[in-house]
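What follows is a group of structures, each given as structure tokens.
In what follows, chain A forms one complex with chain B and a second complex with chain C.
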Partner chain A sequence: MRSKLRRSILYWLVLLPLVVVILFPFGVMFVTAVRPRAELFVYPPTWGFSEFRWENFSEMWEKTNFGGALLNSVYVSVTATVIALLLSIPAAYAMSRYHFSGKGAYRTFLLMTQMMSPIVLVLGLFRLMMALGLVNNLNSLVLIYAAFNMAFTIWMLQSYFNSIPRDLEEAAWMDGASHFTSLVRIFLPLAVPAIAVTAIFTFINSWNEFVLALTMMRSSADYTLPVQIYAQVAGRYQVEWHHVMAATVLATLPVAIVFSWLQRYLIRGMALGAVK
Partner chain B sequence: MSKVLQKSVPLLMILPGLVLAITIIGYPIIDLAWTSMQEVSRFGKLSGFNGFDNFAEVFADPLFYGSLVRTGIWTLAVVGGTLLISMPVAIILNDDFFGRGLARVIIMLPWALSLTMTAVVWRWALNGRSGLLNATLMQAGLIDQPVEWLATASTAFTVEILVGILVSIPFTTTILLGGLSSMPQDAYEAAVVDGASGWSQFRYITLPLMKPFINIAIVLNVIYVFNSLPIIWVMTEGGPANGTDILVTYLYKLAFRFGQLGKASAISLVMFGILLVFTVLYVVLLSRNEADAAPEKDVKDEI
Partner chain C sequence: MSSVTIRGIKKRYGTLTVLHGIDLDIEDQEFVVLVGPSGCGKSTLLRMIAGLESVSSGSIAIGDRVINDVPPKSRDIAMVFQNYALYPHMSVYENMSFSLRLRRQAKDVIDRKVREAAEILNLGKFLDRSPRQLSGGQRQRVAMGRALVRDAQVFLFDEPLSNLDAKLRVVMRVEIKALHQRLKTTSVYVTHDQIEAMTMADRIVVMNAGRIEQIGTPLQLYDTPANLFVADFIGSPSMNFIHGTLHIGASGAHVQTENGTRLAVPLMASGRDGQKVVYGVRPEHMTLTEGDAGAPVIVEVVEPTGANIQVYCKLGETSVCAIFTDRHEFRPDQQIRLTCPLEKIHLFDAESGLRL
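Let's turn to the complex of A and B:
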């Protein structure tokens, strides 16, 4: 017992510098978001401030068109997630349950697409969307996010589908159920948790994406949240940092909480899919 | 006939997704290859085949080499630094101690924040006059003048590398933790019986057994970091005076600020080539791991 206590103290001392550096930006975010505007640029700089100004949040909401960007982000992330899942569920099921020629090649293809980052292709993607007439249209982001997330969703889903025993479906076939019936009545209900977790991660990926949204959306009415917040900072002489930080808190906090909560599933999926 | 139908069922199931992926990911690659060999006007109009002129222009451009070298430094420093910090952190988090749950949550926190938001927060925290990093250091008495962190390229780049390391730690620690938790306990018990010290346990048992996980962590991180735009773009946009430009930021500027589409697509293809090498490396590593992990099972059956 005493050795565990000693070990704990030693470990925390080792971790302390890292913990401080990790928590530092969160502190900066909150302290700036609630301080009065007049106390942003003080000299000498200080952590202290005179009052909690919660009105910063409502002011920011109006001044930065936060609501509009929020709606854009929700639309893009939800639609992209739904499309990615609709296309991935059958593919992952096929990967998990069938043997077919070209399966190995398809797997390699998925790996390759997962490694292809949008930034290397960004110019080609822009020209593709120009050709399709989708520049400045949120649906361009929907299509791209769905396509780039699919390798991940198929991979995650497949690794979970593999852990659902075949016996149940086979028993249903014995009883004369068709493959389709067994898929809908037996398999999918069992797969709901896996699908939900995968959906949330796809949503978060789309929610956080920056480069493509910056490239495809040319008018500020179509900005998603990351671009909207970036636009408050970039190329401005006077940055309203208290508004920027308030927006960052609002745009980040809900997603961050959900992410922290569900992280272990991501780890599990990765352990099943990637490393094993 | 029904046999043919039966056989095509799985193919029909993967087909819709495949079509989308090929359109969205395949088409741009071909378009980039096409554009890179064209003369492109400032307004994005292709005006004829010019062979490898764009590539020649890229390879004669000192800014390209500067960006290439910085990409190397950036990738090497971030991945190396991340690994050096993540390894001991993972070993600690894998051990049993008071408050381990809390420690895990804190270490994983940066992952929950998007890169863009992290970079925005740091840009403000590093503000040369009133940033809270200067406030912290001044209030702690470590400096007596505020430091302009982002005003000179070398400091800005160093700071960006440190932020890059910070945000890569959670993912890397996760992979390493996955490896550590699958480590056979009896090997350690035998080593303790034989009187092996902590260091030699690490050197001769942990490290060799962790090798596949470390390799995966390195390759994946190299790919992510090599491609990472938001941190540098948001904090300095590659400036001052291109001093923090890496390939992705330079490429982005060429394409969307200066309208040099031919040159930008040539750089895209060069990057694509580099990335392809890493990806192949990754696929090879993965299949080797798989063969190691399931020697007694029919491996073909799984793949």
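Let's turn to the complex of A and C:
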């Protein structure tokens, strides 16, 4: 018992620097977000604040177009995630279960697309969206985010699908299930953990993406959150840091919520792995 | 319940042929065991009957109905997989009732059938558990139960006991056999364990490298193996083989071994004088003898098992195993003389491996 305690303490000591590095910016963000404006630049800096100003949030919400940007971000991230999943689940299933010529080449191709950053392609993408008439349209972001995340989601899903024994589907067929029924009642329920992980990944990627959103969206009504927050800082004489930080706190929240909601699937997924 | 008729079945993967034309008639209510070494194509044949592998050529019929192109779900066959393939996200009850629910049977009918099967298999206590909360033997029984509730025409088993420990395997072996005697459903059972095959089968099909070597009842295979492969495969420890030349004279026949020992053999119509042959004798048919009779061998290793004594000896360069139920005393390097009743001797042509 004692040695276990000692080991825990040791682990925490080793992890501490990491925890500090990760939590420090969050601390600064949170403290700044709830401070009155007058206390923004006190010297020496402190962690305290004289009052907890909820008003920072409501002021920020009103002065900037935060609500609109939030809706835009939700729309883009959710739709991109759904599209990416709808397309990559069948693709990954086919890669995992069927033989077809060019399968290896296709996998390599997917991997190679991962090596290219979308930023390198930003000009080409912009012209493509021009041609499609989608500039200044949130759907351009939906398309791009879905497309750029699919290589990863297909790889991720395929490797998980490979670990789901074929026997289970075969047993379902023998039990009288059609391919579709066995897919819906046996296969997909078992694939939920992988689907959840890829969903989280795609959602967070889309939520945080900045450069493409800045390029494609011209009018401030179409800004997503990262662009919106950037607009509060860039090219201004006076930056309302407490508002910026309040916006940042609110922008991180949905990610945290999505993650904590889906993480129980992660844990269940690990437990499922115990059954052969 | 129904018969299964297999005609000229071949299976190719690209250029690789794994089944070279299988013909097999399985009668209604019969329990047939497919046995053979790893990779010989047993699972492939079974999966073709199930509809999980396509048929390259030939035909498979259940009753009078050719089912080559019938999808697995419509074949009315139940299968027990080697690793059980229980649905991990369903309880035991849901696992067992899955097929019935797919057929949209009434709730009370489903419930009655599942409880009946659970009763037969002693699973009553476990119906609400999930598969991961069961032991290997219990999972195995659930897999059986899933097949049982269906009243399928044919049961297929692919090495269902190979993941169990030795003791449990014997128990389940008896249970499966008892179950078959009660339900009488036509069954095809794959194993590479010849003891399982011998104890469970009405008829055994011995396979090797994609071909059938012999089909027969367990005792037929034991008493008159058609060739060296079957002779070697059936029986444990396996049959002793001694290479030599057949000599047929006026007074009788004998086999002259490579080290010059003469082994008396019965006169056989199909043997030629001077033919290269393999002399086969099972360890349990060897007896000790005194004087000039029998073959002189040198004792190497003695293994008492309690029920009997297994003695490993050398006849020239050839290893020979003998089993005695009497408790003789043997020392290593001791010379003993072994003999065998003429009617227990098997002779095979050395070249073709076929029985003479």
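Throughout what follows, the second predicted complex is superposed on the first by the 218 of 276 C-alpha atoms of A that agree within 3 Å, B and C clash if a C-alpha of one lies under 4 Å from a C-alpha of the other, contacts with A are read in each partner's own complex, and residues count from 1 in each chain.
Simple rule for what comes next: a residue touches a chain if its C-beta (ideal position, glycine included) is under 8 Å from a C-beta of that chain, and two chains touch if they have at least 3 such contacts.
Keep in mind it's a predicted model, so treat the numbers as computed, not measured.
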item: First (chain B), second (chain C), both or neither touched by A:165; value: second
item: Broader residue contact with chain A after superposition on the shared chain, chain B or chain C; value: B
item: Touched partner set for A:178, first chain B, second chain C, both or neither; value: second
item: Contacts of A:137 with chain B and chain C, given as first, second, both or neither; value: neither
item: First, second, both or neither for A:24, with chain B first and chain C second; value: first
item: Touching partner for A:40 - first (chain B), second (chain C), both, neither; value: first
item: Contact residues common to both interfaces of chain A (with chain B and with chain C); value: 274-276
item: Chain A-touching residues of chain B, taken from the complex the two chains share; value: 7, 9-11, 13-14, 16-18, 20-21, 23-25, 27-32, 35, 44, 85, 88-89, 92, 95-99, 103, 105-118, 120-125, 127, 129-136, 138-139, 146, 166, 169, 174-175, 177-179, 212-213, 216, 223-224, 227, 229-230, 233-234, 237, 248, 251-252, 255-256, 261, 264-265, 268, 271-272, 275, 278-279, 282-283, 286, 289-290, 293, 303
item: Touch list for chain C against partner chain A, complex; value: 50-52, 71-74, 77-79, 81, 83, 85-89, 98-99, 102-103, 131-132, 146, 150
item: Chain C-facing residues of chain A, complex; value: 165, 167-168, 170-178, 181, 186, 189-190, 272, 274-276
item: Complex interface listing, chain A residues touching chain B; value: 4-5, 7-8, 11-12, 14-15, 18-19, 21-29, 31-32, 40-47, 83, 87-88, 90-91, 93-95, 97-98, 100, 102-104, 106-109, 111-113, 115-117, 119-128, 143-144, 146-148, 150-151, 154, 179, 207-208, 210-211, 215, 226, 229-230, 233-234, 239, 241, 244-245, 248, 251-252, 255-257, 259-260, 263, 267, 270-271, 274-276
